[in-house]
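As written, the chain order gives the labels A, B, C and D, with residue 1 at the start of each chain.
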């Protein structure tokens, strides 16, 4: 079983996710990139669940999927609210924190 | 326990606080009443402190009137106070100068008198506390406590740039004392590691043994905090600002007593606790002191503002004190100690004198005055005597101090006086002696521009001479200025024993210092427990280093 | 041997579609590419004896989440133009930093060699997973349920038009 | 070493006088003020005379009377106590100080009669006598230093007495600071002395030097001697620190008579006399003293030639005569030095008082070119002035001849002297005679050049001024007969005619300076040369200023650069100003204060750190701009850096 191959693939996915979050200005793409990072993590969990024959890995993967679902739910809620108030989805203009 | 069972030191130290409480209840616009209570409280305090002077056993080098009460026993923090030859006259100087300062501020401080008197009283308690504290934490508490009232005095009643000056003064000293706090803690743990129990007491911490490198760092930490306070050459820039902006009363206390905190700190804590480092650092500190003397004097010469001139002159005077202290022989340290008191008196008097003309003309620029001797003869006479005392004319107090310091520094330059170390250098003394010339140059030049020359400025024509209140102040100060000059033995005899003890501690040889540590560990733990009769939670004693 | 071959194929597919996802301008297209990534991952899960999870991945992730995203993107129908914006140097540096991070992680991941042990036959089955979650990992399971509840209420509250 | 218990009265009386006049003077009427002052000085003079006779009762060998008062400073090994010492040397000095001082007090009654701050003048004068008597009677060098600085203070106060006038106040300050520079050397001498001898008492020091003088290192002794001599040059106005004395003439004339002629300036000579044994052990130092003294004598004399202010001429002549005294000390003829000191005190005080009464009469004019022909108006002043001038020029029957000739002869005869010193002595004698008689001819002889309104009320000074001058005139004649050198003594059949030297011998006995013995004929010849020189000087002055009064201007024009150089006193003041005073002022103003203090330490150090904190916070502000992506980026950057560190370290 090519575990370190899978690991490398997970790392690549992770890096793509991070770049996506940092580079793209569209909040949706950022959300999906975060999901990508989560999936990379899941992949590693499952790979090692298989390697050590311990169901724990798969349970955590399962939980993380539910977590991702919750996150998308809230995220999209926020995006809708922002769309209404700021009328934009560009992350650069959403900088209420700036004094 | 104190003097004949009476906790005298606590009374003297905390009487001003009680006075402050009393003042709290007086109505705000009863200015006169507030100031009179302030003066009465501090004068009583002075009279009580005279008991120290008469009951002081000159021959014994140890601390007298000692009081020790557990404050935070588990940490080893005790209310441990005592007076010895070194702190006796500094305490007396404090209790003597404070009533005079409040009296001198009678007309100068018009608004917010209540806060002013309260701050002065708190300041006095903090200063007295710092001089008598023998527990490092207690000392540190009073050391920081001192800054607060002084900060407000400069900040509220000061001149135009008072906020800048007050903040600069506060931060400068606070930064210094932070390093000291770290050093104190380090010693505290070293003590615990070596003796197994926690203590901040001066006597206990004095027994701790440090390696030379440790000593250097600790000495540097303590030294920086005190050097800023002295002020030594590179750390002095807060002084002129603080003095110029402070009200007369503030600068008298600042120059008279607060500056002595630094030199007292060196003599009491930095030197005996780290003997090897002190001796190693001595030539450099002496060099800095000499630079301070000449630098202070030369820069004073070109000042336009009288108060700034006096501020720089006190840098020069305290350079003498430091030179004396680091000569490590009886004459040098006694000279330094005496010079501290002299500086308190003569520079305090100078600031009061400047206060007098500032009250009348509301300006301190030398160019504004001229030919005052004609208009205010008595004032000119007093100013002349104080000027002579500050440039060290024989027969007045300045000379005795300076002469002893020069003798001390001179002997330090000859190896046979110091067993293993060639401390000072011949050139230090020669350069320090030129201080005498510069002193005469800037003081007399100022005196001439203010008092002699023609009476041109019309504003000076009808200046009133000293009134009774001011005359009383200056007579009191002049009595002591002449007394120290003519008969200094009353002061020298009492300080000799404790200074010899400090010298033995500082001049301890390398071997004696290190094996003293080892011999001490084994027996110490049992004796101290019984001796101090304290509840000390018994911690398994680590192996002595 | 076939399994490793398939895993690598699915892996490559996932990576490719991930890249496409972050490169495409139009969010809808990147959402679809996102779906493809999830599919390929589901494939790998299946090959890893995690049959139940592969199924869940497709059902929940692709079916629900990706569809929801597409739906919301369509709902907000913002125009693409304002998104063009200039590529600031900060974004450039960000890519470089990500590359450095990648190299650093390789140091950690690169040398690893794990010799797996053969899992029991019905290792990945739903029953086995269900048994594990409701016995040993009961507590996290409950916590996640509460989280879901909070998320749902939160989402609705935020998006509500009052 | 037996004790005497009333010696402390000598300084005590003037101190009381000072306190009374100082504190209450403002309210006291004028007669009370000067009576208090005079009683104080005269009583201390009588005590000095009584002490002198007590001293004479003692066997010459042990003539040291000590009066311990109390212990002043006592720390560990160092013990300095207030103790007064009377031995022949200090007896002579105290008599001169209090005697001349008393006469000048009397004189001042007349001179300062219409001065507003009358009480302040007499208070300071008493304070001066107090400090001078402490200096003279001190038994250890620190107490002497107390008197030394006290005298400096009084000269500061008295020179700048009329302080409204800025230039007079500056003269006072200049005197004090130049003295202070000398005292700087003095202090270093005291310190070195303490380290070498472990004691500061004169008697002990002499004992140490006598019994194991050889064990002490000669270089250390020389160093002490040189340091103390620096102090002496400051106080007794020798090169290079003489610049303050000519300006000190800004003070009232009786002050110049007392302080800058008779007493204070001789303190340096007395100090070397007191420590003669120390100097004997340091031949190099004595050579330096002699050389400096010779140079000072000669240069001061040349400067006096071209001066037109009557008091300035006398000031330079004082510097030159002091040069003579130090020359005597330098060659080891201590007794001769002290003898000249005494005689000089008499006739120089008289010269100053005389010039004082001239100025008083001319209502303040000091420029000789506006005087002339005062002989008719002021006979007493003229004759007393003439006797003093004859004395200073060294004409035989007068005191000056005996003392100055003794110095000139001993500078030749002594093993440490030499022909060069002798030559300088003779030349200076000639110049002295010349400028002194130039002064006499310009003021008293010739036609009256004084301006109209002054001319008609020139009058003889009142009795209270002339009586002291007459007494001093008598003293400056018979004063010399005390120390007639044996050669002349034999002529008059008097066996050891030099009583003065006999009297002082025990003090200088141990110095052992070897004097070559010459036949009487050579001594006579040398005496003839010096007297001849003096007469030559008088003749030249007579020829130029009486016969051909136009000649001086012609000569001056011919040697204009030389004349200008002399007139401007070799530009020494200006050199000092631009070499020392101005640069120090500039350095401390621009470099020390403006640059290092305000800019470097304050600007860069303190405020600098404050500004840098503000500057960095302003940069970081951009970091916190609410852009989510920047936060994530910094997060990732942090991770990268941490991992990088972990990998690399």
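Points to keep in mind about this one:
By definition in this document, contacts are C-beta pairs under 8 Å (C-beta built on N, C-alpha and C of every residue); 3 or more make two chains touch, one makes a residue touch a chain.
Since we're looking at a predicted model, the values are computed, not measured.
Considering every other chain in turn, the ones in contact with both subunit C and subunit D prove to be A. Between the chain pairs B-D and A-C, more C-beta pairs are in contact across A-C. Remark: subunit B and subunit D have CA centroids separated by 40 Å (rounded to whole angstrom).
Rounded to whole angstrom units, the spacing between the C-alpha centres of subunit A and subunit C is 6.
Subunit A and subunit B, compared by their mean Cα positions, are separated by 67 Å. The mean-CA centres of subunit A and subunit D are about 98 angstrom from one another, to the nearest whole unit.
For subunit C, residues that reach two or more other chains under the stated contact definition are 94, 98, 101, 105. Within subunit B, contacts with two or more other chains are made by no residue at all. Residue numbers of subunit A whose C-beta contacts span two or more other chains: 18, 22, 25, 92. Across the whole structure, chains are in contact as follows: A-C, A-D, B-D, C-D. Residue ranges on subunit B touching subunit D, taken from their complex, read 168, 172, 234, 236-238, 240, 295, 298-299, 301-303, 329-331, 334, 371, 373-374, 377, 381, 388, 393-395, 399-400, 403-404, 406-407, 410-411, 414, 429-430, 433-434, 436-437, 440-441, 444-445, 448, 451-455, 486-489, 492-493, 496.
Touching subunit D in their complex are the following residues of subunit A: 18, 21-22, 25, 91-92, 94-98. Residues of subunit A that touch subunit C in their complex: 1-9, 11-20, 22-26, 28-29, 31-33, 35-36, 39, 42-43, 46-53, 55-56, 58-63, 65-74, 76-81, 83-84, 88-90, 92.
In the complex of the two chains, the subunit D residues touching subunit C come out as 629-630, 633, 636-637, 639-640, 643-644, 647. Residues 624-629, 632-633, 636 of subunit D are the ones that touch subunit A when the two sit in their complex.
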